[in-house]
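To keep things clear, I will list the structure first and then write my remarks on it.
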Amino acid sequence: MAHSINPEAEKLLDKEFKCLNAGFVRLIDFMGSDESIGQAARVSYGKGTKTVNEDRGLIRYLMRHRHTTPFEMVELKFHVKLPIFVARQWIRHRTANVNEYSGRYSVMKDEFYVPETGAIHYQSKSNMQGRAPENVPAELRHKVLEILTSTQRQTYAEYEQMVEEDIARELARIHLPLSLYTEWYWKIDLHNLFHFLALRLDRHAQYEIRVYAEAMAEITNTVAPMAWEAFEDYGLKAKTFSRLELEVLKQFFDPSKITKEYLESKGFGKREADEFLEKLEK
Amino acid sequence: MAHSINPEAEKLLDKEFKCLNAGFVRLIDFMGSDESIGQAARVSYGKGTKTVNEDRGLIRYLMRHRHTTPFEMVELKFHVKLPIFVARQWIRHRTANVNEYSGRYSVMKDEFYVPETGAIHYQSKSNMQGRAPENVPAELRHKVLEILTSTQRQTYAEYEQMVEEDIARELARIHLPLSLYTEWYWKIDLHNLFHFLALRLDRHAQYEIRVYAEAMAEITNTVAPMAWEAFEDYGLKAKTFSRLELEVLKQFFDPSKITKEYLESKGFGKREADEFLEKLEK
Amino acid sequence: MAHSINPEAEKLLDKEFKCLNAGFVRLIDFMGSDESIGQAARVSYGKGTKTVNEDRGLIRYLMRHRHTTPFEMVELKFHVKLPIFVARQWIRHRTANVNEYSGRYSVMKDEFYVPETGAIHYQSKSNMQGRAPENVPAELRHKVLEILTSTQRQTYAEYEQMVEEDIARELARIHLPLSLYTEWYWKIDLHNLFHFLALRLDRHAQYEIRVYAEAMAEITNTVAPMAWEAFEDYGLKAKTFSRLELEVLKQFFDPSKITKEYLESKGFGKREADEFLEKLEK
Amino acid sequence: MAHSINPEAEKLLDKEFKCLNAGFVRLIDFMGSDESIGQAARVSYGKGTKTVNEDRGLIRYLMRHRHTTPFEMVELKFHVKLPIFVARQWIRHRTANVNEYSGRYSVMKDEFYVPETGAIHYQSKSNMQGRAPENVPAELRHKVLEILTSTQRQTYAEYEQMVEEDIARELARIHLPLSLYTEWYWKIDLHNLFHFLALRLDRHAQYEIRVYAEAMAEITNTVAPMAWEAFEDYGLKAKTFSRLELEVLKQFFDPSKITKEYLESKGFGKREADEFLEKLEK
């Protein structure tokens, strides 16, 4: 097989997906496709090439059974501009390759994250690390914005002053706030990207990183649409029930009411229907 | 905190858990405990030490919400003797440290895996990579054992002959079958060990590696019993339902019938009960 | 930047590089080029695109100073057919993605590694894990080949017999020797590939894996020729001197004899010449 | 073998090594020792326990020949308090386990990095990402300190104000500068710690991270003194010469002048002496 041909994904190359007030995500390069996931899986089974339709079934089977290695055969490379506090969460994902703009080497640019007024929220009561849904009064929102932006302007001016006095850039930059923008190239395989997205598309993820995850979700869906569909069905939109929860489910739920015919009418494959019924057995 | 004190785990050190006909697993060293999982989690929350009971609740919360990094703070080191075909599956787990016996440097020992007669099965019809449950007739089982053992004896004799002729060991060893035993030291953190065990305790895992996983499960349960309990409840004994499966569940299941009181009577914590009801919302 | 264009590397796609008696390496896909190494490095410096000539200097600087992350931005995917004893060494490199032919799922093919007579050597006296350079008498070589091949034929026939009796494939395959061929897809980034090649091109590496490393070296040189040249100059053909060795070198070596002009005439860049003189300072 | 006994290292547990104005490194726990490096290496050779003296020779051999896996068998866990700009460099090392204080969950403390006046330098002319050695006039140093500290006070007061208004902590914290202190637990194996230290003890590393690396070097030297000595001799204090540099060295250097006796008088082992002479062969 030569390089994969995916005209939709090719069209996305270099396109800026704007994120927050001054950030972006761009797909810079990619390797592989739905087809190469199937191809890698088939090396395990010693079989030749198949139809596109069989690829979809195979990809869904792999995702459902957590056979993750074929998804590692697709690689995506992004160029991202993001605030440092977002970069600090992002970098915790260790299975990726990164080249970041260096504040030791270069002068940082005068660009800071400023939340839209709708993104300013109270501390959540129920979730110690989140935001409350209620609206913050306009006055307080303006006050927060005023604090953020005026100090951004001030610290950048002070940073510039130190740089002009020829103070080492690696020292001067420590003066800048976590809302400062940085940039990086970030490369990751599809399996690990799915893991990143599952965590960062979650409603418990901080709003500002979720915005990036949503842009990358759209890109990923274009690069490998069958894999994305399977990831949604068996990952993003799936739910896990604990031992205790399953006991309650089985108490209140009678699987005998559900026929295979019914399941197939709902879109289940034969094998998938069997697996479902098996899961609910008392 | 100094080294963790866990007398039960200390007693296990160096104890051989026999596996298959000539293999074993031994816990050689470990670092950390349930307590150090809590301790690492609390650095995130900036809180001091807590009671053992609070540790259990915290560990269960971490496991339920896939906050995996505190589990990485516990480390276990094993000495394992295992057949090469098992080692080949095992080594696919990349987040571990390994030192293996070298057949280039040393002469391989005359030890081979010979299945008990009960472990000899037909190819499964339903699972392309498994064994059928039916019994194989005694005659065929004996024939298989005879093939395996007589050729093991023969190839080892031929290997010895080549070694005696002073043929390079790295070459002579290629003559030996995949049933040959090897040994290694294998070190891994608790989070990645749980991942390994989830895959290798599964009924779809090959019987011969499952035997090792079961021995390691017992050891792990002793090193970090609260983490193990949480892993069972939210990992091993949990089940994931896909988007389609959830639609069917919601169709046939009326969560309004289930009160929080009922759930608490079944062992649910308050927060866990809320999370469960939320999951089943239409 | 769109997909990199490298017609020489494109021509290599799918081409079989034969290795040993029945193995091969094929480049299946790749992402990136010398240009994308420079591009990733420049994001750190906040600079725009440059000339090819500047790329070469930058790549050499990065390699010399062990700035490894830009090399991680290039990815290569190989299809490899190799004997299991080679696969066992290969898989020790953990920073790669792998999909291997499954002997649980599929019937193994009747293909075994048989060394050319020139590859049969005595055990090395000086290197406990290597081969002696002396020739082995023809008679002994024939004897070794006879042992290997006749038992390969025999065990494969016995394997086939068990498979025909419908014994589970995952069990029957344990009968086969380490000289059996397997196949896999193997994907890795350029930095980690260089690390793999440095170890496996080394004269202490086992001959049979070195053959594969040499084929992959040729492919890599085509995919990223400037990076390869830098890797040769600062990696493969470089040597490291210990603290003690440096003391002796400095005792016997007078760097004052060496002028910058002399070094530049030998191909040193200005900065590289300074760095060299600095290293040899007493 | 039971837990390693190393009274010197045990004494270090929990001891604060102060770093910068308000940071520290503490060893929280460790697993293994020089002895366990030897033990892991010996599993490869199939040999039993040895003398301490043989351990030293073996460890030096392993380090010299880049046999890195036995060093991965030792694990160290640190508690570190460090400024965020240092944490951002530190986290680039991916092969470690981390739990960090969460500014989403908890209120950040009022602690900032303030450089000692001696640490305030001009931008280096020769090294784009470093500091010049010359002293900065006292007046300018005071000005820099005044800028840093007055804005630290101001932004912390503004942060507190937002927190008191009940603005979500995850949002308020973006106001704080990169000089703010954070804390984490950080666990790593000895091989990867050596890699971290080689990069961060280097004179090109930023001064503020070097301070931490020096404290950790002292701790590591106590946990595994033989491994540390070998790391110094073959790593930290070794130098690598490129292909071109070796050509010049060989031109000006006559190894025939150096006898094995001379080398042994300088502390070389027999095997090491041979290896050195071989490296310098024309």
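All chains are identified by letter, namely A, B, C and D, in their written order; residue positions are counted from 1 within each chain.
Here is the rule we go by: a residue touches a chain if its C-beta (ideal position, glycine included) is under 8 Å from a C-beta of that chain, and two chains touch if they have at least 3 such contacts.
Every value quoted in this text rests on a predicted model; they were computed, and no experiment measured them.
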Third chains touching both subunit D and subunit B: A, C
Touching both subunit A and subunit B (chains): C, D
Classification of the subunit B:subunit C interface as same or different, half of numbers criterion: same
Contact-richer chain pair [C-D vs A-D]: A-D
Inter-centroid spacing, subunit D versus subunit A (mean Cα positions, whole Å): 32
Centre distance in Å when subunit C and subunit D are each reduced to the mean of their C-alpha atoms: 29
Residue list for subunit B, restricted to those that touch at least two other chains: 45, 98, 102, 105, 128
Subunit D residues within the subunit B interface of the complex: 1-4, 10, 13-14, 28-32, 36, 39-41, 43-46, 69-70, 72-73, 75, 77, 79, 97-102, 105-107, 183-185, 187, 189
Complex contact set, residues of subunit B against subunit A: 45, 64, 66, 128, 199, 232-234, 237-249, 252-254, 257-258, 263, 266-268, 272, 276, 279
Touch list for subunit C against partner subunit B, complex: 83-85, 87-88, 91-92, 94-95, 98, 102, 104-105, 113, 115, 119-124, 128-132, 136, 140, 143-144, 147-148, 151, 154-155, 158, 161-162, 165-171, 173-180, 206
